[in-house]
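Sharing a structure, written as structure tokens. Questions coming.
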């Protein structure tokens, strides 16, 4: 297996099967630090540079919390408006990373343009972690999801997946690429205008992913071991949250995982994932049911970033 | 007395008399670290999460400086625009804190909605500190003010207060709740459209606060031991600071503490507090008079946050 | 020589000749920490406050990275919108620094108003570093440039300079003031509407700077040992970077340093500096030529800030 030291985390297409397990094992090794709220000095004298050209809460803060937990430091920017490298001046990615590489030892980048972290990796002498690139990928989120499944179910192979949401989104791309390395049939449910693109389907066939598409979650939920949900509607920004909550059935029933649906149709040991934030595709009364694992995902989000940072900085080998 | 360890700091309504003194004593114990600019490792391995949905300088940075002084770390967001949890996506407070609690050990939250930190505290497994919630409260600011009075005057009981400003503001709410635990008559001076609401007055009567209202600071300044001032005018954002400085008497004399007023009417040992920023309600030539204590307040702001963080994180007991 | 401990870094007008060399020597002493990516505890228990009223990437992050490298901590704000001290409330500089001085041990300030850091220094009890003030100065950038020259050429005296760009910019002011302490003839090339002001020329004559002006870089490049470039055009914000790249000759040839010009006209050992970000005044194909030193400048930017922070905090003496 290739070493992770010095490596970029850009796409789950780059990941071989054994590498997923390597990452999971390191995550499991480090998890007790997060659980016991203890710091370690594994990344002492290492600094993470956050280069967020789009706002983020979970991705940025989970990386920051992971770095702090491992004894490292953080610098960077949380918003393109905070930097002349962003929207304002639109400096080239090359010029930006030829500067950022002197400010720390690893860069996590979120960018509105697909491929921006890949361009960064071409020029940087330090590892680049893709924190979400436009419609591209979001590998650290899906690694978090796969780790959550592995921990909760003890395996990944053999589990049936149901993925609901906008199939053009970066998390869905990373999910599909990731599952190509496992024996996991998956059903995608999305509104027609948000379904898998022709190009992406062709690519998935090449990778031999066993997938099908359905129109309604009811058609696929009964056999699912893992249900991964993303929003299909965007907030109406002209309304406040309170005003919007009056909108009945914001998310059509086809793409909504309700408590009733879970109780009547889902396997009793299925697990329900959502990277959050959510609209109403999972109503809050689902939160305390046996199926919900999204808070656990938030915790695992820190653990996974601890593993990735330790790995690419060569602290585990 | 209840332990502070693990406790939320949401409202001064929650504070019993002895608890104020407990906080003051811890602040006094820790003050030398701030004064001598020395760090300690009392909060080693602890991380503060700043969740600021509205911009702030003093409240956010005083908490950050306090955390650093005590050997802890900081992560979080300084602006709702920096996070998908803010204005942009309007995620529920529940969803946000079920994530943030994995990123650190205590959360300080400023929110444009009254009650948001209380909602956060319902869901979080770690302490929430209210850094100002809409028209609600601003308990850490008023604890700073009360500590400043206690340090400067050696007591709180028996002092007469004059509070000038917009009585609908959160600092005024926290002040009034706080003073209910002490023997402190207070006079409120506010423009008619910014005076105490009927509901709030009813509440203050229930708590037996000895208060009265006046129309002009001149009517109350002579007997005041403590003068606490907040702005009654908002900046005219269409003008620059320099242009605005041409506006004579921006703040009506009724609500303005001038050097002349202090020299001719105030007690020689009265102290003048302002949490800042200010408009012209206290002109700069007051800064070097014997009455001014607002720079001291800024220093005490760090000391008070050191005490609160140490207390709620159980580091003092 | 005056001690640097406790001193403000506001303007290169304040710098005596021997002080430049003192700064360079400290930078050289500390450089290995940055090169070897090792931290030291020289500034343990010291905190840098970033007070950025305008966005910045290089200046802010280079200071932060320097502080982290020396074992210190960072707090502050990266944008005026993040603070009530900024555009929003337009608090006076005095009021702001009388607060910020309690949050750390040194303040680096960028401000849209010329002279703001000087005003801050009048009131603060801790050192103020000017991180760029309106049309005023940008001393830490030019110290970085001079250090880069000193390291690359082994000397500063005797070198001929060519400076291209908008001569009203703060970097140009600091450059001219800085060079008055050395034996360095300089030619300025700028569009007519961006040329040296009458007032500034008078001042430079008083300081006996040996300068001339030219209309085209071709007239001065042949004899230049150091070529320092700044943009003369602003991005067209109505176009994306990609759209703009279609604009042929965005920067007129008079102010552009191309690979061809360098190959045919420049001294073979001349060095080319740019503080970045750039438009097209230096095309990317120059990056790998022998003349380019702007990535080195980015590295030296951290080293120089390490030296300045160590010096003003009295950690080197």
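For clarity, chains are labelled A, B and C in written order, and residue numbers in each chain start from 1.
Everything that follows uses one rule, which is that a residue touches a chain if its C-beta (ideal position, glycine included) is under 8 Å from a C-beta of that chain, and two chains touch if they have at least 3 such contacts.
Because the structure is predicted, anything quoted here is derived from the model rather than measured.
The rotation relating chain A to chain B, fitted on Cα atoms, amounts to 120°, rounded to the nearest 5.
Counting the residue numbers that touch the partner chain, chain A and chain C have less than half of them in common.
Mean C-alpha positions place chain A and chain C at a centre distance of 39 Å.
The multi-chain contact residues of chain B, meaning those touching 2 or more other chains, are 78-79, 81. Chain contact summary for the complex, chain A toward chain C: residues 44-45, 47, 49, 73, 75-79, 81-85, 88-92, 94-96, 98-100, 102-105.
Those residues of chain C lying in contact with chain A across their complex are 34, 37-39, 55-58, 61-62, 64-65, 68, 74, 78-79, 81, 235, 237, 240-241, 244, 276-278, 284, 287, 295, 298-299, 301-302.
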